[in-house]
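In the two assemblies presented below, subunit A is common to both, partnered first by subunit B and then by subunit C.
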Partner chain A sequence: MLSVKNLVVDIDGSPILRHISLEVAAGELVCLVGRNGAGKSTTFRTIMGQRRPVSGSITLEGRDLTQLYPFAIARLGVGFAPEESEVFGDLSVADNILLPTWTRQTSRSVDEREALAYRVFPRLERYRTRGGQQLSGGERKMVSIARALALDPKLLLLDEPTEGLSPAIVPSIVEGIASILQLGHAVLIAESNMHHVPDFADRLYVIERGEMVYAGKPNAVPKSLSAPNGPDGE
Partner chain B sequence: MSLIANLLLGGIFHAAVLFLVAAGLQLVFGVQKIVNLACGSFYALGAYFGITLVTLAMNFGLPAWLLLPILLVAGVLMAAVGPPIERLLRTVYDRDESFQLLLTFALVLMFQDVLRLVWGANPQSLNNVHLVYGKLTWGDLSVPVYNLLVIAAAGATAFFISLFLRRTNYGRLLRATAENRAMAEALGVNVRSVYAVVFTLGTMLGTVGGALVVPTSAASLDMAIEFVIEAFAVVVIGGLGSMPGALVGALLVGLIRAASLVVYPEFEILAIYVIVIAVLLFRPSGLLGKAAT
Partner chain C sequence: MRGATAMIVAAGVVALGLVPVLAPPFYANLLIPFFGYAIALLGFNLLFGYTGLLSFGHAMFLGLGAYGAAVMAGENGIKSFEVVLLGVALAGALVALPIGLLCVRFIGIFFGMLTLAFGMLTHAILFKFYHLTGGDSGMRVPRMNILGLEFQAYNKIELLAGPFYYYCLGLLVLCGLVMWRIVHSPFGLHLRALSNNAQKAEYLGVRVYQFRLAAFVISAIYGAIGGAILGFRIGLADPEIVHWTHSGHLVFMTVLGGFSSFLGPIAGALALTLLQDQLQSITPYWRFILGAVLAAVVIFLPRGLAGIAGTGAALAKRRAAA
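And now, the complex of A and B:
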């Protein structure tokens, strides 16, 4: 479904991504693990069209994404929940979640898409009328993921969905991701902590200083990479 | 008593027109983060074109009571200058504010020459044609009905803009884009099309404001620059990007101006700037603006 090949991205002349390649197949959960600053967010923002690559290709179901505007990539079916959540503070939770249904039509009705978003994070039902700026960090993460899901995407990009959350909230997010997978969506997650990679991940990539150093099964990661000094960082 | 009432109504009429132009300025700044000095030119363009369209309509024998609808049509038609100018502004969206100010000020100067070329250097007016709607007299108080209609039109505009931004899905998309353009775009919002719509709406508010004011005062080449200064006083007082701020700012400026004209005319412009300076000193984000974070 998503195929990234030999992606090179520079920011202000500095090389940030060096010949990154990764694949996400339909219905798969793939994790991209790396320390802060390794290039995970840049990879996601480049897939979303917010950064232009120097070279390399990004295709979704065979279609080149590198020349498209971000809105066109979203309308092709790529949902994005960024690391900082970026929930619209001026809109209510309900409007945040409904927003993608106004920009992309799919075979699912608006009601169906909205219901799916709340089914994944039932707790959000209580906060429908609450303003985006009145939410806790964990609630913002849930709204951000539910909002990306309301786009009815073929592929979901979740940038550090559990980063900075209290341990009490993390299971709700992980359960939400599991139910998203059951709905048939492909999911690509960026994680800075190897221990936060969900057990049910199909594949794992490890990125260090803008280069891919491991691609394979999560249970086969070399000890040097999964050790405390490795990409799990802390 | 009637002096105070006349003063109040005169101030509110001026505030109504100021609000229309300042609302356009606020809308464009709120969503596009562009400080558009050319809003004064849109106001002047609406005024000149309003005179032309009303004169044409009268020559074709249309009844004089159609004045207000004809002026509204003139303002709406002149909003057609919005999309090509927005296209030009795309070159400076991601650049320093000074580029935006320089480009929009260049537009003010260019429009001034266009107005001179098309309508000539002499001021133009509609010779009190607005009195066709009659005057409302109550004791010593006498006010043209046209002025009341313009005040009502501005009030209705404020109401519908608020309704549009708060209650429609497109309004919510605009608010989301204003808050976080990149995130809105990542959720499928075509920001380029949103910008074109917002800028055209902002232009329309300016051209309609100009068209509505022209029956009561002459259109002149200097009106763009004079008015843009007042419109900026309004947004500084009210708070840049705040629509309720535009309303409050316009009312304050309109009333202060009217009061100065009665009490001490030489103080008219100075009074406005005293308030602007006070706001900048004690509440830099404006009376209803959000403080910068």
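And now, the complex of A and C:
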């Protein structure tokens, strides 16, 4: 479904991503693991069209994404919940989730897509009328993911979905991701901690200083990359 | 429309409807500019309050409405005010489209400066091209028919304080209802989202640039309609209507009323119209006092007059619940 090949991205002349390649097949959960600054967010933002690559290709079901604007990529079916997970503060939770149902038409109805978003994160039902600014960090993260899910995407990009959250809320997010997979969506997650990678991940990539250093099964990651302090083992 | 808002609107319409009956014609005449500004500000606030784009040149669209009325009615003999309104609305959209194509690529101070530049350019054209625009003398806006009626038995003051007053009130209600539908539609929700965070909105498939452009064009249409009312009232379109200080006047009214509320700019237009009239009758230094009022509003009432009403309503609700 998503195919990234030999992606090279520079920011202000500095090389950030060097010949990155990764694949996400339909219905798969794939994790991209790397320390802060390794290039995970840049990879996601380049997939979303915010950054133009110097070279390489990004295709979704064979269609080139590198020349498209972010809104066009979203409309093709790529949902993105960024790391900062800022919700629209002036909008209610219900409006936050409703918004993407108007921007992309799919076989699922608006009501169905809204219902799915709330089914994945049942806690949000209680906060429907609450303003975006009145939510905790974990709730904002849930709204951010539910909102991207309401786009009814073929592929969902989640940038550090559990970063900075209380350990009590992390299981809710992981359960939500498992529900999203059951709905048939492919998911690509960026994680800075190897130990936060969900057990049910199909494939794992490790990125270090803009280069891919591992691609394979999660249970076959070399020990030097899976040390507690991150893939660098520092 | 929500219950409380509908009640405020109904009470406001009734109160305004009683002005020509209960007050001397002077006051009804005084409120005609209020209607023009209120309609223009409905559009201005779609751009500022809902889309997050603060224009410092919006008076150019009011000028377009006034000069459009002068050209259509004065130069081409079109006597129907409705046809003139449609004409200036169309002209507003056509002029706003190319200007908006350039301006909405930018946000913040850059958008503000670009719109200011276009406003000053328009002022210079109107001021310098004497043979086309009448220069500083402006262009005459003749009396027109409203709803096909000439009202020949009425002199200008009687017309303004009677039929034209109610016509403007009706037009404000109609424009207000249309704007209410706009801001509460999916389109309005998209504008609020991109005003909050354009990048995130784009990640959700929102065409940020097109939505900003659409808001700019709609606001220009409202501005042109408001300008035609102002031109009709004074019977003249002159370059001062597009001067940058007049754009500042629009910003003042919006901030005074509260740009985070639908009715705020209308309240601001009413308050400033009445305040300015009273101050002008009291002191020649009325601009000084208006400046102090604006400073006080920004410091103590950042949500404007509508913010006071909102806080009062919230307190009453809390007391009722206790």
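The rule is short, and it goes like this: the second predicted complex is superposed on the first by the 229 of 234 C-alpha atoms of A that agree within 3 Å, B and C clash if a C-alpha of one lies under 4 Å from a C-alpha of the other, contacts with A are read in each partner's own complex, and residues count from 1 in each chain.
We take it that a contact is a pair of C-beta atoms (placed from the backbone, for glycine too) under 8 Å apart; a residue touches a chain by one contact, two chains touch by 3 or more.
A quick note: this is a predicted structure, and the numbers were derived from the prediction, not measured.
After superposition on subunit A, the partners subunit B and subunit C collide with one another. With both structures placed on the common chain, the touch criterion links A:23 to neither subunit B nor subunit C. Contacts of A:208 after superposition on the shared chain: neither subunit B nor subunit C is touched. Contacts of subunit A with subunit B, set against its contacts with subunit C after fitting on chain A, overlap at residues 48, 50, 69-71, 74-75, 80, 82, 86, 88-91, 95, 98-100, 102-104, 147-148, 151. In the complex of the two chains, the subunit B residues touching subunit A come out as 169-170, 172-173, 175-176, 178-180, 182-192.
Subunit C makes touch with subunit A in their complex at residues 186, 189-190, 192-193, 195-197, 199-208. Looking at the complex, you find that subunit A touches subunit B at residues 48, 50, 69-71, 74-75, 80, 82, 86, 88-91, 95, 98-100, 102-104, 147-148, 151. Within the complex formed with subunit C, the residues of subunit A that make contact are 48, 50, 69-71, 74-75, 80, 82, 86, 88-91, 95, 98-100, 102-104, 132, 147-148, 151.
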